[in-house]
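Some structures to go through are shown next.
Shared chain: chain A. Partners: chain B in the first complex, chain C in the second.
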Partner chain A sequence: MLTLALKKEWVDAKRQGQLTWLLGIAALLLLVACLSSWQSHSRYVADQQAVSQSERARWLNQGDKGPHSAAHYGTYVMKPTSSLALLDAGLQDYQGNVIRLEAHVRNNALFRPIQDTLSVARFGQLSPAFVLQVLLPLFVILVGYGLVATEREQGTLKQLLAMGISPARLFFTKTFMLFTITSVLLIPVALCILVFNTLELRTGLFFGVYLIYVFIWCLLTTAISSLANTARKALIILLSLWAFTSLLLPKLAISYATAVHPVISGQAFQSRIESDVYTQEREQAIAKFKQQTLAHYKVSTTAELPFNWGGAQLQFGEQYADKKFDLLFSERNSQLKSQSNSYQQLGILSPFIALQTLSMGLAATDFTHHLHFSAAAEKQRRLIQETLNFNQRDNANKTTGHYKAGIELWQRIPKFNYQHPTFSSLYQQYIPSFLNLFVWLVGLTLLCAFTLKKLKLEEQR
Partner chain B sequence: MTIQSDVVITINKLKKQFGDYQALNGLSFTVNKGEILALLGPNGAGKTTTINCLLGFLKPDSGDINIAGIDPQQDVITARQKIAYIPEQVALYPRLTGIDNLIYFSKMAKIEKTEHEFKALLQFVGLPEHAFYKQVSSYSKGMRQKVGIAIALAKNAQALILDEPTSGLDPSASHEFSHLLKKLASQGVAILMATHDLFRAQEDAHRVAIINQGQLVDTLGFEKIKQVQLESVYLEHIRGAVTC
Partner chain C sequence: MITLLLSTELKNLWREKLIACVVVISCACASIAFFSGFNHSQQQHQVIQQAKIEQAMAIDKAAAGLEKRLSTTKDVKWWQDQYDLRGQAFYLMVNYASKPPLPTSPIATGQSDVLPYFFKMLIKEKQHIVHQYDYQHPLKLMLGQFDLSFVIIYILPLLIIAVCFNALSQERQHGQLRLMLLQGANIKTLINMQILLRAILVVGPFLLISVLLLITQQIGITISQIAAYVLIVISYTIFWLAISVWVISKGNTVANNAAKLMTIWLAFVIVLPAAINTSINQLYPTPSRLHYLDELRHSSDEAKKTAEKTLAAFFQDHPELANQNKPADFALKKIASINAIEKSMVSLDQEFEQAKKTQQIFADSFKFLSPATLAQAQLVSLAGNDLLRHHAFMKNVEQHHNALQVFFSREIAKANENNDFSPCAGCSAHATLKNLNTIPQFSDKFSTEATSLWGILALLIISLGIWLYSQKQIVRIAEPQQAGVLV
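Moving on, here comes the complex of A and B:
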């Protein structure tokens, strides 16, 4: 039945020329988007590997010096990308991907790839995610708006129903036929998953949510085509729905989320770090720690301590600042997460928002994954500081502080080897979006039931 | 002329109202196996509404319909499977060939036949063989009607419902069509033909039912059809709006 319908639609459309043109244009757009994405993805992967290797070499070959000098010498870590980022780079180009790890400061991520492009180029970006999330529904609409409405206009719908074909059989044959034709554009997704990934939960779900998204648009298109009196009316309704859910609503959702959960600017946040961390209170806490240490060792000067006071003081200062960093960063991150959650919740009105959230999450290119990387980088920074400070404490001259460490110490700092978290450890963040897609499917099932009732009494419409 | 008495289509006290307009007002008639019943009436008399009720596309306000033992209001799919419908303009896919249309409609209705059998059907209805593989957009109305009948035949339907089948056909095509209908009736198919074509009705029908304002106003048997001037009887009923 499906093959028969496919064959008929293919022959019909081929003779009309419409479908082949549409398929050709969509495939071309996707090809260009994939090639462009492949180019930037390869560059990113190469950069990341180069940065990782050169930074490790720079760290190890920094020469003999005091551990605290090494702490200020610092190192850079770059966020590795996932192979699914090839299809959905998400926020990767807009977030900093490199973090400088150094003493006393928890740095924000730097170097946004978008800064490396011409400003005009930002308006013409064509990514596979854009094609799949925004243009694919448009392709579904253009292929399917007339599936039932045109049959109604040319009288073949009545003829088919009069043959005793059940409306449900007709409706679902048309829907699955549309799904089969339009799913062809998901082949690059399947290929990318098969070539670059092992079949795991993340990749399986990534492909799955795109299939569900296409199916949602196929169901909606066939239902509207069945309910509209004319193909032209069906097209207008579907284009309006597409523009609302894929273009307008996401913009409104962003405005709503930022209005409801305002976040201070990056510059203001940076100045708040400086004013909140390096305060008189910190100096007092260090002085108190000094008194407690002297009392503990029952000595009156730091020179009498059995270790280098400078190293101990540096580590105390780091730990004091770390608590402040945790507080400030967690406040800012929770504000950003609230924004992201508000945006995600509006996916109930737009399958685009639900898919976009899940797609970025599964491709590990969203804010949640950025936070995970940022936390891992900070953990590494703290490990470096602790190792260097304790080394200074234990080895530096107790009065002069003179001490030079060498490659043995630098080698004790493990290479930063960041791994993306498993999706199962983060799935709770994405439950609203999964639920939103489910709600869309349930809503469309109800719409289909209504449509079938209308199709049954075709002349009573 | 022998007509078998088995009733295939029964319409009993059918009523249907659209807003203030009473389209059907207690209409009743039957069509027997192997019989051609011509349903005559002016525009708006209720012919197409009756057909839509029979096909289950409209739900009557009251009254009963029975098609070969099936009530379309209860089981519309089975009822539709027992009848074949040919509208005034046979709706086909213009960019498909005649045989492709026949195969598509038939297979969608789960009718399994070989290509040879489908060709035989087109030959039976008199479609020229050179037209089998031509796009329907190049067909004349008569050729489209033939494909429509072939689709109906593929179903092995017990009843054939025709809505203005000869409208727009040239005399030769109309004659061919009439010949085909008689051939089908002789094979036991019950045929209900809603028409304005009084000549065809008089020539082909075994019975004529005249309806006006949603009511049956007269029924003429085979003998009477042949004896009277059908046009006079028809005009008399329509102008007088006499109710049986």
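Moving on, here comes the complex of A and C:
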């Protein structure tokens, strides 16, 4: 039946020429998108590796100097990109990929590529994700809007039903036929996955959610085509649904999420860091720490301590600031996470939102992964400060503080070797989106049941 | 006859629920989009106001505490001392450079949400200042604002297609066209009237609401700005109407018209702009920011390694700051080093500028390929959120950065000459900056060229051309109908 239906649709499509050029255009767009994405991706990977190595060499060869000077000299860490980012670069261009690690300051990521682009960039990039998430549903609609509606208009639907073909068989054959044709466009994605990725949970799920997404649109298209009286009506309804779920709703959803969970401005955040960290309270805490240390070692001046007081004080200051940073950054991050969650929850209204969230999450290019990278970078910063300050404490002249460390100390700071977290460790974050896709499937199953009922009535008539 | 056709068309439209729905969507979109853009520009206003208040408060606080500071005998660390030139220059200065949004800003957010609109100035390498940004959810930046430009570029054409795709074709399919022609109606008049009436129902409420909101909510918006906005919307609308007439003039079925119009919309609004953007990035990529960072680090290392040479070169450029009898203070050496790093980065900064200029030339030439890119460029420029205004702002920021450097270099050299950085009797260090008002302040009064409307006028001419061409085509639809009558 499927083969027959495929043959019939193919002959119809050949007569109209519509399917051939639609498939051709979609394949061409996907090919261009894959090539352009591959070029940008490999350029970034090469730059990231080269500059990371150069930065490490710079750190090791900074020469002999005081540990605190080295702490201020600092270093930069670069976010590595995942191989799935080739297919979905997600938010990579909208969040910086470099973080400066230095004493006393916790920095935001730097150099957002979007800042180096023109306003035309806001129309989006022709990337594989863009083609698959935005254009593929349109392809499904344009191929499938008339599948049943045209048969009805031409009167062949009645003939088919009269021949004894069950409505369910007809409906699912048409759906699977549409799914087979449109899934052809997922072949380049599968090839990319096979060539550039190892087969693991992330890649398997990545391909799986795209298949589900295509299937959702195929089911929806066939159902609407079966319910609408005319092909024209089916097309209008489907295009309206596409525009609403893929264009309008994502913008409205993120606007709603940011309005409900507002984040303080960069100016206010910076002012709070300055007013909350470097305060009189901090001076008092340092003074108290000094008194406690002197009492502990039963001495009256810092010069009598068995170590360099400067190093100990620096580390105390860092730890004091770290607590404040944790508070301020976690406040901001929790608001940003709430924004992500609100957006994700609205995926119940749009399969685009659910797929986009999952796709970026699986490609490790979303905000959750950015936060993970930022946290790893901050951990490295604290490790550097602690190692340098304790070295200063243990080795510097107790009175003058004079001391120069060398390459042995710089080598003790391990190379920043960031690894993306496993998906199983983060899967809870994405449960709402998985559920939303599931709800869409269940909802569409119900719609299909309703459609079949209507087709049966048509058969009886 | 025209009155009769008009009333019939209005009655037909009234019967169709779709029209009422489209009018409601148009009104809702205008209101939501305006307030979304308005809130964005208000947030920027508030941040800038807050920064100005913070700056004024810092000056007032310093003035109020000066007496206490002058009489203190406590050990004051220079990096914590707001009355120390070095402390102010490198750590404590509250000095903002900001770009306030224009009254037309709610029209199009453009790049204003990703580009920095304020900088907290300090004496450090300009490369460390100009990459600051206001933190927002990156997803919001990726999806963009639901502003008026979004509705104009994406939604209005969809609504126009939704109401126009069945014009004339419906009458043809239902056999009404022949009757109308029999009664002496002109097919050109009929299609033009149908299309214009439907367009007015879609664009009219949108324009009315958005203009009213712009006038009432945005103080300072001028009549010429409103006129430019209306002209852009009308020109873009006319393009889509002309395209609709052209598709209808082919005489195909209603479903075919809808599919064709949707494909055209998809090509012009989604695919072509994305393809232009991708081409720009692939053909003229900006140099790598990672390599830029690498070069910046290298330059800093070099400047530090050759500190003496760097200082000598600095004094060569600024002989007024050199003192034969006294070695330069470390702060002056630091400024010299900053200066040297900035100089060594000039060529790379220029490379970025050049790459952006080349991209802009490419974008300016190819924006004519799609009415969407053309309209977006015009709207963003009118809203003052384009790169031209941003470049003007950045130029001012650079000048301000230089002014601050000159101010602090001069004052630090003077203080060093007077031994003001050394402890004095009864104080750990002199107050070298008693009045914070003397620090140069940023002026946000910078102007850019007025928006050129040549692009949109070109679109208008092209649209009218398509419309006129379609008028010739449409007569052919009438021929078989009239031929039938004759037979």
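In the analysis below, the second predicted complex is superposed on the first by the 453 of 461 C-alpha atoms of A that agree within 3 Å, B and C clash if a C-alpha of one lies under 4 Å from a C-alpha of the other, contacts with A are read in each partner's own complex, and residues count from 1 in each chain.
FYI, a residue touches a chain if its C-beta (ideal position, glycine included) is under 8 Å from a C-beta of that chain, and two chains touch if they have at least 3 such contacts.
Quick caveat, the model's predicted, so the values are computed rather than measured.
**Student:** Once chain A of both complexes is superposed, is A:G208 in touch with chain B (first), chain C (second), both, or neither?
**Tutor:** A:G208 sits against neither chain B nor chain C.
**Student:** Taking the superposition as given, does A:R232 touch the first partner, chain B, the second, chain C, both, or neither?
**Tutor:** Once the two structures are laid over each other on A, A:R232 reaches chain C alone.
**Student:** So in the superposed three-chain picture, is A:Q125 touching just chain B, just chain C, both, or none of them (first/second/both/neither)?
**Tutor:** After superposing on A, A:Q125 lies in contact with chain C but is clear of chain B.
**Student:** One more residue to check, A:L142. First (chain B), second (chain C), both or neither?
**Tutor:** Only chain C; A:L142 stays clear of chain B.
**Student:** Could you look at A:P414 and tell me whether it touches chain B, chain C, both or neither (first, second, both, neither)?
**Tutor:** neither
**Student:** Is the number of chain A residues in contact higher for chain B or for chain C?
**Tutor:** C
**Student:** Could you say whether A:Q267 touches chain B, chain C, both of them, or neither, answering first, second, both or neither?
**Tutor:** Only chain C is touched by A:Q267; chain B is not.
**Student:** So which positions on chain A get touched by both chain B and chain C?
**Tutor:** none
**Student:** What residues of chain A sit close enough to touch chain C in their complex?
**Tutor:** So the residues of chain A touching chain C come out as 18, 29, 32-33, 36, 39-40, 43, 47-48, 50-51, 54-55, 58, 76, 78, 90-91, 93-95, 97-98, 108, 110-126, 130, 134-135, 138, 142, 146, 230-232, 235-236, 239-240, 243, 247-248, 250-252, 254-255, 257-259, 263, 265-271, 278, 332, 336, 339-340, 343, 366-367, 370.
**Student:** Give every residue of chain B touching chain A within the complex, in rising order.
**Tutor:** 52, 55-59, 76-85, 87, 89-96, 100, 104-105, 107-109, 135, 151, 155
**Student:** What part of chain C is in contact with chain A in the complex they form?
**Tutor:** Answer in residue numbers: 32, 36, 39, 43, 46-47, 50-51, 54, 80, 96, 110-111, 114-116, 118, 120, 131-146, 150, 154-155, 158, 162, 166, 254-255, 258-259, 262-263, 266, 270-271, 273-278, 280-282, 285-286, 288-294, 297, 301, 352, 356, 359-360, 363, 367, 372-373, 376-377, 380, 385-387.
**Student:** Touching chain B in the complex: which residues of chain A?
**Tutor:** That would be residues 1, 4-5, 8, 11-12, 15-16, 154-156, 158-166, 170, 173, 456-460 of chain A.
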